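Order as written gives the chain letters A, B and C; numbering starts at 1 within each chain.
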Amino acid sequence: MASVGTSFRRKEGPEKLTGEATYIDDYRLEGALHGVTLRSKVARGILREIRFDPAFDWSSVVVATAADIPGENAVLLIEKDQPLLASRELNHLEEPILILGHSNRAKAYEALEHIEVVCDEEEPVLTMEEALADGAVFKRFEIVKGDLDAGFRDADVIVEEEYRVPHQEQAYIETNGVAAWEEEDGTLVVTGSMQCPYYVHKAMLGLFPRAPEKIRVIQTTTGGGFGGKEEYPNLIAGHAAVLSLKAKRPVKIVYDRAEDMRATTKRHPARIRHRTGVKKDGTLVAQDIDVLMDGGAYVTLSPVVLSRGILHATGPYECPNVRVVGRVVKTNTPPNGAFRGFGAPQTLFAAEMHVEKIAARLGLDALVVRRKNLFREGSVTATGQVLKESVGAKEVLDRTVAASRYLPRKKECERWNRRKSAPSWRGVGLAAVFHGAGFTGSGEVYLQSRATVSLLPNGDIEVEAASTEIGQGTTSILASIVADALEVPYDWIRVSTPDTARVPNSGPTVASRTCMIVGGLLKRSADELRRALEREGVDWPPKPSSLKRAARKLCANGRPFGFVQEYERPREIRWDDATYRGDAYGVYGYAAMVVELEIDKVTYEVTVKDVVTAQDVGRAINPLLVEGQIVGGTAQALGYALLENVIFDKGVMANANFTNYVIPTTLDTPPMRVEIVERPYSLGPFGAKGVGELPMDVPAPAVAAAIHQATGLFLTELPLLPERISKAMHDRAHRQS
Amino acid sequence: MIELTVNRKKRRYRGPLFKRLLDVLREDFELTGTKEGCGEGECGACTVLLDGEPVNSCLVPVAQAEGTRVETVESLGASSRLSPLQQSFLEEGGAQCGICTPGMLMTAWAYVRGGGPADPASVRTALAGNLCRCTGYQHIVAAVVEAAKREKRKRARAR
Amino acid sequence: MRGDPGSMTLLRPRSVEEALGLYAANPGAVPLAGGTDFMVAWNAGEANGRTILDLSRLGAWKRIAVTATGVRVGSLVTHRELQLHPLVRRRLPLLAEACGTIGGHQIQARGTLGGNIANASPAGDTFPPLAVYEARVRLRSAGESRTLPFLEVFTGVKKTALADGELIDSIEIDFPRRPARESFRKVGTRAASAIAKTVAAGLLWLSSDRRIREVRFALGSMAPTVRRLGSVEALLAGKRPTPRLVEEAADLLEIDVSPIDDLRSTRAYRLEVSRNLLRAFLSPGLTR
């Protein structure tokens, strides 16, 4: 029975339900030291001296500093500007300076209190605007289409606005944790909570030079990532490893919640400016967009976040004349990094709110403006990409509008709001988004991803890929794709642990690429395996006994008989990095959402009453898992919109705990109605595109639009806290009186 | 030395009495199913049942658990034989990354076992002290509602 | 987790007398009830090396006793037990409701009324109800006992009037005569498991001619300690609650409180919402 398209059970489900699944902190390491990190207490300065209190007993403590790094003191991602351990320059609060270890965790933390760091403090740059004034730009991109000036001349109305979005903390419930040790044969083993074992592998090679097979990275069961464990593990892994090599003992580092929130990456804050020319009927004729992002103190992945941000900055709309300028700047704050959506939630919030603003200016419903400009097959994007297939934009919009009864509900809310005695204001808000699946432009080619399907000596079939299960269902989805390609039961397929000693580099588990790209590779590998087995005389579909027989013959010396596929850029996808023109992504997912909410007149608290959404994922390999991604991503985005406020004080997060950084509970999250739309992608396995990030892009502007309808307030900054709603109302009343 | 009952077995603990119940369970009793998520009593990943009540074990010094009945996720079932509640979670998609799941299950189990009503609103209220970042709660609530319905039928049959 | 269990000294009295004696001999000890406040600081490594006076074995303080005029709640009664107690639910509903808003189920199952009071957070959710119910707090030390009116227990942010060696024995609350109106509302940072930005409780009695005979209104998270709105109560006593009087009262509210900007909210918002809560309480049918 085919599994694709059914809600097959999660492969690792049972262990997660019984406590048998082992996360990094569940592992007992014989003779291990607990590693803790000494961090900078200044946002910017020059390190002069590290003083160890002579009155403290250091005999059981091992310390590793920059001097102990055998290779280059750089955490490789794109650039090499971020040191593993600071040796001279201090560029942000919480910057790691040294790692120390003790067999007792409390004593390790106590030892930290007995180290004094002497430095010359310097004036830090803490805002994007300051950084821009200083010219501290990590990267600048520009997208140009058509003739912007001509477009503005052609416009009936020009609408301008500035939008701001803050940091957001991933708040995975399992904090960052990694363990490292060196085996007797000189293999450096690194294991822990991570999304990208091969990123870690590459970073470790630079820090601890040795033959590639002498570094082994193994992902443990990971309690949530959302991008927060995409690049950050490179740093914590390096820390565990450098101390382990110094101590000649295993080292485990597990952050507590406060350290994790203060020191690790967050979503890039952004300021997005729109200047848009439209015709009276809502047709877009000119979009001039400026995107400014705060990268924090080091480059890390900021250029890629900025890239995705600007590639989504127009919204899912066709406009003949476009200019998008994007810059990401350096501030003396902890580096920002990947978080589900990766630049798109930021710019799509602005794009969608701007549609709302345009509509209000023109006296049209925002739905009308959307319908006028929405992408369809044949549309040309800002980079000149022709959307040839799998464009579910209109379908998701239509189905969302119908299922939510958007227009009648809007009228009902208007009637409600006219009643002076009503205890609340009510509003309905709509948003529509798109999200490119896979890496941008040449990214997938650059990755050279490889994945394998093997027949094992015992007759089992195994998937070997570096793609990690972090809750989204990787293991199950990949198994399902391979099972159906081979026409065997889902239960017959095993998925290897992402262990660099066992699996090829199928690239990072990010960018909504796992199902589409890696699944695609595995489907081809499976096809090759099948052909080879059929050539060996195996009748298809096979019985377990015939696979066992074939394995006895083909798995010589007990080694798996497998086929690896390497990514080849489809001929149809053309991209020019230099001009930023062409096919930015192979295909896009589309989503629309209607949010209905209520604002209490006494407290200004916002309660989301209903969420209706339709999302085009190409093909739902497992509808239950797809729904899980949509509901989960929506909850995170509702947090982004309404609750999650990263408060920075002098360059570091001041509310670094769950008490004061509030994420949604069961009572903050409404029930949601999800419709899965399938517009198959010809190059995706069984038609699948991506789903991991798309849900993150659409809720925040839908919420802001609903607040707009409820109160008449057009709020341009997240989160939409009751304090801000209250203040905006008062400011408006003041202006009017 | 103190004694407490853990998953129906009498256990002895001989270490420092201010060690947290969470750490005693995970380290001394090697029951690593219960997790630490925050150390503040906010996320509920460390939830165990103490004399039948869900509590945050990261906030309980083991001395205060002396003589009590503690139940952890390991008491519910094994992957070869899931309990009905765990089976509901599996079928409804109630676990994604799984880190919140043990704590969530214990709170849910206390609710279902205590005859909690099988309506989503009551379930949501009962689970408000357990944070999940992956699921958006919908599938968890569906699983617990299903389990509560089953429990109600079971009680009706027993009468 | 930065707590060091090996560094702690744990005193585990089995009776109230023993506890008071140990506390007198160890004045620097930290009395520990349910631990939902203290253990957070301990987990952060802020209390290593301290001596702990574990009160959890003092059964005498875990009971809710019915008195001639109301209840006496032992200091170690949990918020969960309080909110489920039939008499508390019926006669002291604001207190029962407040207990149900503290954290989630897990926190309510461990946090105690006495522990919460001794912790003296400005944001204590049960404090406005206890303030309007005019609870009395019984304190005991090795030599003596005394009773303080609830409001006199708090002297500042996380500071109480408890003398050296004093522990909270119980909280006595008389059932009020049936009010015409009673209300509790907590405005938190989210829908559940949240710290209060402001938290209000009110009781109101009318005379036969529809004038306000007496009103009691208290706010938490609006000052270093919970506050009864004395000026507002004085203004309203004996008068008919007209819209204009309600507005006067709302304006006067500011005198009795001193809200601040902090990580959770702003002074302006807290004032505005508190005024709205007062307005809503005084004129239930009336909104903005």
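To be clear about the criterion, contacts are C-beta pairs under 8 Å (C-beta built on N, C-alpha and C of every residue); 3 or more make two chains touch, one makes a residue touch a chain.
On a predicted model such as this, the values are computed, not experimentally measured, just so you know.
Visitor: Please identify which chain has its centre, taken as the mean of its CA atoms, farthest from the centre of subunit A.
Guide: Chain centre farthest from subunit A's centre: C.
Visitor: Per the definition at the top, count C-beta pairs in contact and tell me whether A-B or A-C has more.
Guide: Counting C-beta pairs in contact, A-B comes out ahead.
Visitor: Go ahead and note the Å separation of the Cα centroids belonging to subunit A and subunit B.
Guide: 30
Visitor: For subunit A and subunit C, what's the span in angstrom between their mean Cα positions?
Guide: Measuring from centre to centre gives 42 Å for this pair.
Visitor: Listing for subunit C: what residues touch at least two other chains?
Guide: Within subunit C, the residues that touch at least two other chains are 1, 3, 5-6, 40, 43-44, 104, 191-193.
Visitor: At least two other chains touched by the same residue of subunit A: list those residues.
Guide: 256, 659, 665-667
Visitor: Can you list the subunit B residues in contact with two or more other chains?
Guide: Residues 36, 39-40, 42, 125, 128-130.
Visitor: Quick one: which bits of subunit A touch subunit B in the complex? Just the residue numbers, please.
Guide: The contact residues of subunit A facing subunit B are 7, 9-10, 12-23, 25-26, 170-175, 221-226, 256-257, 470-473, 624-625, 627-628, 631-636, 657-659, 663, 665-667, 669, 671-672.
Visitor: Contact residues on subunit B for subunit A in the complex?
Guide: For this pair, the touching residues of subunit B are 26, 31-40, 42-43, 45, 72-74, 76-80, 82, 86, 89-93, 95-102, 105, 120, 123-125, 127-141.
Visitor: Could you please specify the touching residues of subunit B with respect to subunit C in the complex?
Guide: 15-20, 23, 36, 39-42, 44, 47, 50, 53-56, 58-61, 63-64, 107, 125-126, 128-130
Visitor: Inside the complex, what are the residues of subunit C that reach subunit A?
Guide: 1-7, 40, 43-45, 48, 104, 185, 187, 189-195, 263-266, 268-269, 272-273, 276-277, 279-280, 285-288
Visitor: Would you pull the subunit C residues touching subunit B in the complex into a rising list?
Guide: Listed in rising order, the residues are 1, 3, 5-6, 8, 10, 12, 32, 35-36, 39-40, 43-44, 52, 54, 56, 80, 103-107, 109-110, 191-193.
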